[in-house]
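Sharing a structure below in structure tokens format, with a few things to ask.
All chains are identified by letter, namely A, B, C and D, in their written order; residue positions are counted from 1 within each chain.
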Amino acid sequence: MSISQRPGLTVTALDRLLGFAMAATVIAVGLGFCWILGAIVAQGLGQISLAFLLAEPSNAGREGGIAPMLVSTLLILGVCLAIALPLGLGTALLLAEFTITDQRLGRLVRRSLDFLAGVPSIVFGLFGNAFFSQVLGLGFSILSGGLTLACMVLPLLIRTTEEGLRAVPPSYRQGAAALGLSQTTTLFKIILPAAVPGLIAGLVLGMGRALAETAALIFTSGYVDRFPRSLMDSGRALSIHIFDLSMNIPGGDARAAASALVLLTLLLLLNLLAGALAQRWANSS
Amino acid sequence: MKKISTIRQYSLGTVAFLMLGLTACAKPPQAANSEGIKLQGNIVLTGSSTVAPLAIEMGKRFEEQHPQVRVDVQTGGSSRGLADTRNGSADIGMVSRSLKPEEGDLTAHAIARDGIAIILHSENPVAELSPEQVVDIYQGQLTQWSDVAGGPTSPITVVNKAEGRSTLDVFLKHFDLKNSEIQAQVIIGDNEQGIKTVTGNPNAIGYVSIGAAEHSIGRGEPLKMLPLDGVSPSTTTLQDGTFPLARTLNLVTQGASEPTAQAFLQFAQSPQVQDLIEQQNFVPIESAPLAPSTP
Amino acid sequence: MTTMMSAATTCTQPLLEAKHLQLSYGQQVAFHDVSLPIASGEIMAIVGPSGCGKSSFLSCLNRMSDLVPHCHVQGEIHFNGTNILSPRTDTLLLRRRIGMIFQKPNPFPLSVWENLALPLREHGLVKSQTSRRAFRQAIHQAIEAVLRDVGLWEEVKNRLHSSALALSGGQQQRLCIARALILQPEVLLLDEPCSALDPLASAVVEELMLRLRPRYTQVVITHNLAQAKRIADRIAVFWVQQHKGQLIEVGSTQQIFNAPTHELTAAYVSGGKG
Amino acid sequence: MQTFEMSQLSSLRRAHRRDRILRHSLRLLGSITGLLVLLITLFVLQEAWPALQNLGFIRFWTDGSWHPLEGSFGLMPMVLGSGLIALGATAIATPLGLLSALFCQCYGPPLLVVPYRRLLELLAGIPSVVYGFWGLVVLVPQINRLHPPGQSLLAGTLILSLMILPTVALLAIASLAQIPSSYWQGAAALSLSRWTTLTRIILPSARSGLFTAVVLATGRALGETMAVLMVCGNVVQVPSSVFDPVRSLTANIALEMAYATGDHRAVLFVSGLVLLAIVAGLVVMAEGISNQGMSSESVIVHER
């Protein structure tokens, strides 16, 4: 009796340990986040006003607002997603759904992606400057910055999307194949709608990464703190503004914190929006 | 500027803009400004991140006077400014140091001066260091504050600048040091990183731009500047030339500039921007001594 | 091209015939040297212990085996006289003509209506009409007909536009059969269609298979010998020998149960009897 | 039935054409990704070439110190620095991320899971400069009190682990979501303990996805620049304890690129190249390990 109970007891202890570790992790990560967020809020909240959101900066960002940066950030993100989403979705489909016909290409692409994920952002920045800005002649521009960012978020976007696609039960694919449905129909009518949670996860991670990026943008979308008139204009992203204020402008800390707060709010809104849109799409199809 | 790619730029820009449902507005043809000088076009400045905020403010004021002109300021470091000026992708480079002899193909236009001060945490009771002591500390021969008159019993944290930075060059030259001799505990990039490192560490010693340090002290941060050769560092002593540790901020060009860039260079060296220079914690060039500051 | 003369060819030539078929996954042979003719209109039951290659065999018949990585098929399968293993075979068309039902019901995460309309539209089985409304009407007619065929119409006619995943297991399986039938196939392959269902639902599906018998040729895998006895015209017995699946005996239901020639078959069916 | 034939035939043709277009365009898109890697590598190689040509490859490993302006180019301490920081961060972030994912996907009460997930997503979107700033102003002084100077391997590791945590956690959640619910039910039916369920059933079957998560996160840790630059102290040395300052290869580029000209600049690109080589090595290694996993998985499939 006592012998047979002994392993049971250790397992219960392990279970309790697991529960404890999980709770501790959640609390620790939560606290860490609150600590960081608290520091940002404490410093930055007082600076935020409608004028801050709507005005142009002056005195190197110590006064005025961040409106041009907001516009530039959204435009850069827009370009980035416009390029990265189709490219990422397509590649993820290739990796997840064409495993038999395109095995070799798939392996090559997957290897490339893991490699790409480890390329430091500053190298992306220098590369973007050399390739998009100079070889393609885009100069310092929102387009060039968005393209560079697109290259950067691709690995995250693709691997997450791929995981999402793999999470779709194989029985759907079998069912569709047994009905003689074309791959196109199978993918667009059945697989993709079912993969929406994974796609959102990828999108959210990608947007976060794109909004947070600094080093890759300094050399591509640039430093100009005016309203951009077109995608060919240089525009300063919020993350660069934050970097400049906190590292380069004496007395810019509070404004940097306020800008960071705005950036986080923006990200939260975009994440909620993406979730809602995707849910609606999934329901409608 | 960059006529070759203008058409491509606009067409590409337009296509991309349509994609996002916005409209690109083409620039209206030239118009004479109030002074009768037809200045128009883009001026691109790239280079030092120290100069960039000042250049942006100058650019804004210049644009107010010449509505047909756009001044785009990009950063990326002094070396980028030199390279871009040489290869033509920038009209003007920004460099936070004097030009080296091998850079004689470029013309420097000094716009402001910046001093370098040794800083300590304000809790540190040490009030002055002799040049020899500074050298010993940076060479790792003095490692405890207690070795210095009035110092607390704690190890010294030496904060140095990263290789290639112009503040490092000026500092090394002044104290006749080689970078490989320096035994640092922390190596930093920008001024603000140095200030934050020292304000967060009561045992640290570092050196940063005087303007930045003055600004931080003014905002009540726990920081103090040490006098050098008996002269306390401030924008005033820098301005009257008594403070020895200083560098020049330059705009550089190659060959003859276009009229617009030429006008901007003149503007940046004129008294019209003096308040902007002071606002960014630098010292205007006219009143500063022209002779090199270091022996 | 379609099922016009299915009943007529029974005695002359089998509708579907495997010849010396072998399938391997990488190095491992799932079954080998299987030759099995299937006549038009009959129900052929495939029985045997687990791992004897029954499902692998079935998946060759509509080339679903193509979807499995490292899967290699040798031999020939003749369908209406042509070898469907030839690379020139149009698998989309083939799978429309040879439908398949799986062990676990697998309706798409769409509405009942969309589950049926999607394959219908995909294969252009509804004549293009003058108006969208007439087109929709035609689809509706086809859906209603096929749902009546599987006895599901009365149960789902009021929830055609709600999710198919909300149906019960038996209803889902009948929907899957309806989805296969709506493409007007000639052959239905059923891979243990009742094993995931409760006895009542299972009986309904079984009855449905019998009702479809004259119109469709059916090949069904089952572990339930009693069920095989109830529905099959002929029975094929698979067995594992030397780690390879093999067809050891094929014959009429009566012969297999009453006078098996192979000793393993005898043992198997007697076990099934007990 | 005969009347349907024309429309059926054209549908079939359309379907095949659509599939062909799809297949080719997906191949094209996939190839672009591969091409991108090629372009980036070529670019770095081209920029680093002058240094490799003038100095050779060996000197970067044999030179004792890093003083590029005084002709000494030892990269070894920085390779070690990058490796240690990334390794440490991965070692901390992997269990935390995994536990977070388990909490979100399996055990946490829904009332907490949703906000926690949002929090992770936000954590992923905080600019690295904000992390670095916080690390410099808050974390470093704390460590300094423990053991000066504060800017240290430890500070960098802690900050980085916080930064890559969301990547691990969110990707792990995605791969845990793939586990068929029947596995959970089966385990529950056998009344297996949580511990056994996880270690014997759930984690092994989610292995490939979890592995991807860790590899991507390690890559991110290796590539992170700004935060590392601000909290690590950037002294080029082989650290003797976690409290010693170190410099990573990325910080090296970011610190010196702005003022580097000529050979100095090329040498910095060599450090970029070395970083890429490390990442490539990591990728190949990871692939080897996950391939082993794959082959054992496929054996199971065959036996079924």
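Following the convention adopted for this analysis, contacts are C-beta pairs under 8 Å (C-beta built on N, C-alpha and C of every residue); 3 or more make two chains touch, one makes a residue touch a chain.
All of these numbers come straight from a predicted model, not from anything done at the bench.
> Using each chain's Cα centroid, which is most distant from the centroid of subunit A?
C
> Roughly how many whole angstrom separate the Cα centroids of subunit B and subunit C?
Spacing between the chain centres: roughly 78 Å.
> For subunit B versus subunit D, what separation do you get between their C-alpha means, in angstrom?
Those two chain centres are 35 Å apart.
> Distance-wise, how many Å sit between the C-alpha centres of subunit A and subunit C, to the nearest whole number?
A distance of 46 Å separates the two centres.
> How many angstrom lie between the centres of subunit A and subunit B, each centre taken as the mean Cα position?
33
> Going by the touch rule set out above, which residues of subunit A reach two or more other chains?
Expected reply: 169, 182, 185, 246-247.
> On subunit B, where are the residues touching two or more other chains?
Each of 49, 76, 189, 193 in subunit B touches at least two other chains.
> Using the touch definition from the top, which residues of subunit D touch two or more other chains?
Only 15-16, 133, 137, 254, 257 qualify.
> What are all the chain pairs that meet the touch criterion?
A-B, A-C, A-D, B-D, C-D
> Could you pull out which subunit C residues touch subunit D in their complex?
That would be residues 1-4, 25-26, 28, 51, 69-70, 90, 92-93, 122-128, 184 of subunit C.
> Touching subunit B in the complex: which residues of subunit A?
For subunit A paired with subunit B, touching residues are 58-61, 75, 78-79, 82, 134, 137-141, 143, 218-219, 222-225, 229-234, 244, 246-252.
> Which residues of subunit C touch subunit A in their complex?
62, 64, 66-67, 69, 91-96, 99-100, 102, 104, 106-110, 118-119, 122-123, 176, 179-180, 183
> Can you check the complex and tell me which residues of subunit D touch subunit B?
Interface residues on subunit D, with respect to subunit B: 65-70, 72, 133, 136-137, 140-141, 144, 148-151, 229-230, 233-236, 245, 247, 254-261, 264-265.
> Which of the residues in subunit B end up touching subunit A in this complex?
So the residues of subunit B touching subunit A come out as 2, 4-5, 8-10, 12-14, 16-17, 19-20, 24-25, 44, 49-50, 52-54, 56-57, 60, 72-76, 89, 189-193, 195, 211-213, 215-216, 219, 279-281.
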